[in-house]
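The structures considered in this document are given below.
One chain, chain A, links the two complexes that follow: it is found with chain B in the first and with chain C in the second.
After this line comes the complex of A and B, so read on.
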């Protein structure tokens, strides 16, 4: 292991792997926080139209250019990203809680419940995500509620499976059986033995849900389900840009998309970083 | 032994039928709770206002507004089992006909993308896994991370800008040339129009399969038998041929069949960007226009594909891996 670290650090001599990991983690967090805070402040600027400055290609004053109504694409992108991040985080959190509850129930409540829940997981996985999202958005009559609910209801399956497997495995562990024989209550066992083991995995699973949630949120708004044009979520910005692609206004699509990719990469970095920090054994690759 | 294999397939098949049945109920329930009024969506507010009460009542009866959902579902199910999927409200044609055309277009696209992404993804993943830590590995890993963080529709837009708008070498949309009669469309025309959507779908599909193949390959390369093979002096290619390929094939296969669902989801987005008249685009317009019969049928067909893919993967697993076959027989 020590040899490996030495070999890996030839680029930055003084920093070891763990320190570089933390560095990337912090940088990603700063970027995400900056987008969120920036989005809060430039809400009005994102909607401001000015026909004197429409269709400007990217320049120093407008780094992302302006659109056909003279709106500054930079502020729109930041605003849109912040909306998307907030929706993504809330949907993913909702989804993760659901996954946790169902996963634990499935592993502890006996065979009947287990069969029903696994069957339910198979069912949700059987409909392609995008299609299920469309169905749920239609069921909610489109709008913000539909998007959040849709993303939340489509993403819990794999995490629920993971948690179910973990709890099933934990139940067979010696120390849990021992605790049970010693007459400890279920609550005590859950709190003292299960939660400390499950929590890091749950946390990592939760964070790694964010990028998926944001990607699906942007996709579904891109298709025209969900938010209205008043709220420039990133999917809406990109779907508006679609109409102007053929006229050669490449910057309308390029920069918001790039920022979206950067955001998602940051979430992955944070998730993977935290995973490696809380569970160094899995970080061998 | 044949008996167990038959039982296995039968059991999976029954499970699949039940799940599809459940999918139809779930989809129907979701569409029923939708607050979108089918009359308003299809007849339009203005037309409704100018109609007499009786006409509206007639239309309500036609769309089944007043009937309780359970009755409506049973009526739908009865017709569906007979092969009558109803009439699409948007296209004003039998759903079966609409789906036949759209599915043909989509399948063309999806099969190309599925095969391409499977082969290239497997090759890249195996290559990266065998050369762990080297440049190839880092490049493939970077590619996977980047692509899995990129929405498919944005890749489609980028390719559209580059090849359709700037270079003007590929068409910017549709599946056939504009202004040409249906009989005049050649197979090459269709291929020409499918290039960009298929490439986009492949690019996104590759990342998933490459990443998982790579992980499996890394595990295999750390196993005792590979270390021993290396000590015996086998070359990288020999190790791949004798040990890596066999062991990595089965999981990669399963994953590839499981990715049908992903490809389907991706095709919804990609078809939307390229205005490619496939099943995905039909699903979007059915959803936006609350075209219930069409959306139901698309959901069930896509579920059929997904479950069918899983079933095939399960069966193939037994074919590829003798251990599972014999293990199943021994029990």
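After this line comes the complex of A and C, so read on.
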């Protein structure tokens, strides 16, 4: 018993929390980068059909198996994920920027602006995500642009509300009032006191938007309102696989689904890792 | 220099009760004025008004006959808050906290008992008394003419209290900085102050 605990503490000492976090961060980033770069090169391979190799169960040559048209599921999954990641990044970046601008404006521009923006946030939040997403996608014409716009326009609200609350709270802090009395300019206070406090929260909000965006992209494509059928997006793969699941071709849905979950987990790990790394409480760990 | 509050009235919000009513006070930079009053009499509010954190509803705060705004962006009347942990940004290391003050002299920092080792720490890694020393040092920049101490030693042990008060009496006498001290402890005020004002009797 004592031996075990001793060994346990030894392990923790060897790799402290900060180092373990960095390790996970790097692994997640490598995985995401690999998927992105892989997706760029296997676009053609993902569309190639070959009836000589259709319906093969997972083996060494085709680790994820092949489908009813003889397409390699591995390349299709990688390509689909890379599309998902691109959509996730652009949608999350777009909505985070929008949230930041609206949040800061709302907190600093006075009561009238604040009322309008808060009302608008409530309005967008009041409409179910999926409904709004489908409407925007259909209005923009199906495809990448529609999905990105749809996800971006439905996901900025919670982050905007968070940033507004933070800025309002910061403005009343004693140390910020004190800095003003010590003759510091608004710019100094914004850069030295506000940004270091807001940035980590903003960054984490941004990164945690990725998995949301990816999941929404897949689900809307699965429902048939998102990307067109020719593109090997994860949602398309999953919805097509549905028809073949009953005939026992389990690998068509399992591997793409697992990879999707893995990607989402990776983004969460990166987000949580960065949040912990920038927290001053962990500075000396 | 003379810090003067002239006929000050103040209330928080429209409908709340009037905390200060037609209050006047005059303090010279050669004296240390003690303020006593039971809880809720507006001692902290008065300190905030005197150092420009709050604007009085009527009346004026004058330093040598001129309003505080006249002296530019650095306020010559500095307030030391009761809770140091709220007056320091938890994300800044202590050395950057000191840099915010107006060229605080290294000699002063040393005499306050601040150790070089503390400079690289975050506020969460210091005790309340250690943080309060930083707050005092920060408020004693070059251009400070008046110092308001709002219950600054209530959370400290007796040895630290006496160390800090000896330092403050020394420093303010040397630089001719006026002080207004708020405390619940009559013994402390009797030791430290040259004059005691009871808000209740005013």
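Keep this in mind: the second predicted complex is superposed on the first by the 246 of 285 C-alpha atoms of A that agree within 3 Å, B and C clash if a C-alpha of one lies under 4 Å from a C-alpha of the other, contacts with A are read in each partner's own complex, and residues count from 1 in each chain.
One rule holds in what follows: a contact is a pair of C-beta atoms (placed from the backbone, for glycine too) under 8 Å apart; a residue touches a chain by one contact, two chains touch by 3 or more.
Since the model is a prediction, treat every value here as computed from it, not as a measurement.
Contact with neither chain B nor chain C is seen for A:191 once the two complexes are overlaid on the shared chain. With both structures placed on the common chain, the touch criterion links A:101 to neither chain B nor chain C.
Using the contact criterion defined above for the overlaid structures, shared-chain residue A:179 touches chain C, although it does not reach chain B.
In the superposition on chain A, A:37 makes contact with neither chain B nor chain C. Judged by the touch definition given at the top, the superposed model places A:136 against chain B, while chain C stays out of reach.
Set against each other, chain B and chain C differ in how many residues of chain A they touch, and the higher count belongs to B.
Shared contact residues on chain A (touching chain B in one structure, chain C in the other): none found. Interface residues of chain A, counted against chain C in their complex, comprise 173-179, 181-185, 192-193, 196-197, 280-281, 283-284. Those residues of chain B that touch chain A in the shared complex are 19-20, 22-23, 26-27, 30-31, 33-36, 132, 145-146, 148-154, 157-158, 160-161, 164-165, 172, 215, 218, 261-262, 264-266, 268-269, 272-273, 280, 283-284, 287-288, 290, 295, 298-299, 302-303, 306-307.
Residues of chain C that touch chain A in their complex: 51-53, 72-75, 78-79, 81, 83, 86-92, 96, 100-102, 122, 124-125, 138, 141. Residues of chain A that touch chain B in their complex: 119, 122-123, 125-131, 134-141, 211, 215, 218-219, 222-225, 238, 241-242, 245-246, 248, 250, 253-254, 257, 260-261, 264-265, 268, 285.
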